[in-house]
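Labels for the chains are A, B, C and D, by order of writing; each one numbers its residues from 1.
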């Protein structure tokens, strides 16, 4: 029987190598796979390229990867938020490279990677600094920028419920980047609030079909001493 | 209060002019807005360009529009099915123009129209007759065809439930092309099994947000003599 | 001269939001607009992270950390609202489905260019978020901002000097002094607040304005 | 010579479908493959219209006209299955998420080109459906077809003479005579059915084959 469950977050991320490109779901405090990120930090893979909407705040999530010096490059729409101290520090000292991408271009570049599309023309950013060096064209008098897919080796996503086939549902706006990222990575690891039996997720309500998910890890409900 | 309900299908389609481009949802027998199509046929707008996956079978749906000579052009992936007699007849006599589009290219061209994207690169059809005359390029050794958005003046879609804001859910595989079409037309008209009160559709289960829907018509449950 | 305060500016913008509109309010001052839309209008608010039908802040203790708006504030969902992913959310914007977006800005040019995402200070790490998508996507783009910097330097200019967010996209500018429309003939003053005169406002503007008709 | 019948051909294809695979079966003979996948394997079938986890035909009277497969036959959904729209369905294909697609064909070339959507008869109106997307998208493309036309003309050729569906995409060909792999060196015979000899099969093929190793 197909069962994509992995018991521990540390086992789910154990094969992530140095230099990997990793997508991490979430927007602000919403829909972030915090336990997978913590397992990745403990695992210690370095020289990572991280693709995510934000760069983490305080000591949590992506901020902890930046603090520990594990991130070489970040592809991001909004890295600077109140409290994004570790991103700011690493950026100022020049130890992390930033590729700044408008948010809708970021989500669509991720989506097309999952959907096997080789590029798309967007009006977003046309005539701005973020289109510099990119191919552009005018169609019916409107300017467009050619944007290319963003693929990843691994995606770490956060969902509310999974079943053993890896079908996922989300919690409210926690959906954000998670469904596109699940489809865009070679290996997708989902941290979920709970795993339910096959057939318990209504087939009309599944947001991420299990075909996009390789490993499912149920959230640890209580803190475990390290 | 926002209420997009229109009582009768005939009123919902009354402003469709001759020469309009119309998307019609459905795949085979599944998810077709049959009552809206019948209202359109009775309304009698002609010289229509129809965008749909199939071209109808027997005397029903799009086949009835072809039979009555209302269709100038059809943009379609699979016009020829068992029983698609009216498409075959109109095609053979040269009275309807056919633009044949691979199915995934058809759905993505519709999707990008709704999402404000100006074009996309797909590997589908590269090196085949259906890419002739189209711009192509090679990326990392793989061939791609540049495909452009398909917009429409009107979309006729079929859903299971709607609320007064036009939020839609579907019945199983009846979803097919309907959500992309709802977003790609200037005016979208949804035929639904039933209209429920605001708040009765679970916000995680809405498939087509009401922002894409202009008019909602509840299905006539019993046959009415003409 | 009469300078509106931020709440008064938000209140003025709210008058121009029609009943039944789908609206995206940018982070900061634009978010206040929702507080002043009159109760007889039904307006559906979009949040870029993936919400339509954003409601007011939750009661204390009722917060869901997943349910936040683009400004990362806790929100609620109105009955009739729904959730979707970020790609669909930005498809709504780019595809022209939002009636109005309201953004703050550093500068606006006479042709409707907007600069609101970066200054020329390279030490400050940049962030763009959804600003560029909103700028190109909404059917009507409203800008709400002070007419000048705190040093009384003009923010409405022949050409923006800060990096652009979008070109030729602004429809109407609401400042603390006046309301201006971007037209093919130039910037048209459509309303002067209080006793503010055209000459007053022109003097604080870095491009030639067209007087009210 | 031993010529498998369509059910035997489907049965042979089924042997090469691994446990846990995500599989799309084309219209016609490929659909039969599901009947022969052994019960100890769990295979998840994809239908292009927007289904994962396609189950068997419904009991009489239990049909839902919305719940059909790509061949417009009534189907059911297995527990664990789900529905999605057509754009997502084809994103799954093009994005390389399906392990195997099984298609019928008019012709296959020695380099793995496939022709299965149109003949050279222009009077017959064309239809392509999802064939071109499946051809380029699945990780492995299997073709199942008779080795020759009914007139014993070869269907495996140096170059296809019918309009192409995709170029260089076929991985393995299952015919009624043999199983052949498309390799960089050419078409490699990997299995001959019954007492069929390499010479027998070569004689009915329009391109040079590599003998079994």
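FYI, contacts are C-beta pairs under 8 Å (C-beta built on N, C-alpha and C of every residue); 3 or more make two chains touch, one makes a residue touch a chain.
The shown structure was predicted, so the numbers you read here are calculated from the model rather than taken from an experiment.
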Least hop count linking subunit A to subunit C through chains in contact | 1
When B-D and B-C are ranked by contacting C-beta pairs, first place goes to B-D
Subunit C and subunit D: spacing of chain centres that average the CA atoms, whole Å = 54
Calculate how many whole Å lie between the centre of subunit B and the centre of subunit D, each centre taken as the average of the chain's C-alpha atoms.
-> 29
List the centre-to-centre spacing of subunit A and subunit B in whole Å, with centres computed as mean CA coordinates.
-> 33
Distance between chain centroids, defined by C-alpha means - subunit B, subunit C (Å) | 35
Hunt down the residues of subunit D that sit against at least two other chains at once, touch-wise.
-> 77, 83-84, 87, 90-91, 93-94, 136-137
Counting only residues that touch at least 2 other chains, which ones in subunit B make the list?
-> 108, 111, 115-117, 122-123, 170, 172, 203-204, 207
Work through the pairs of chains, note which ones touch, and then classify the graph as line, ring, star, complete or other.
-> other
Those chain pairs meeting the touch criterion are A-B, A-C, A-D, B-C, B-D
Under the touch definition given earlier, write down the residues of subunit A that touch subunit B in their complex.
-> 108, 112, 115-123, 137, 139, 142, 144, 169-170, 172, 202-205, 207
Can you list the subunit B residues touching subunit C in their complex?
-> 1-2, 111, 113-117, 163-165, 167, 183, 198-199, 201, 203-204, 206, 209-212
Hey, which residues of subunit D end up touching subunit A in the complex?
-> 20, 22, 42, 44, 46, 52-53, 77, 79-84, 87-88, 90-98, 136-137
So, in the complex, the side of subunit B touching subunit D is made of residues 27-31, 53, 77-81, 87-88, 91-92, 98, 100-105, 107-108, 110-111, 122-130, 143, 170-180, 207
Of subunit D, residues touching subunit B in the complex = 47-51, 64-68, 72, 77, 83-87, 89-91, 93-94, 118, 123-133, 135-137, 163-167
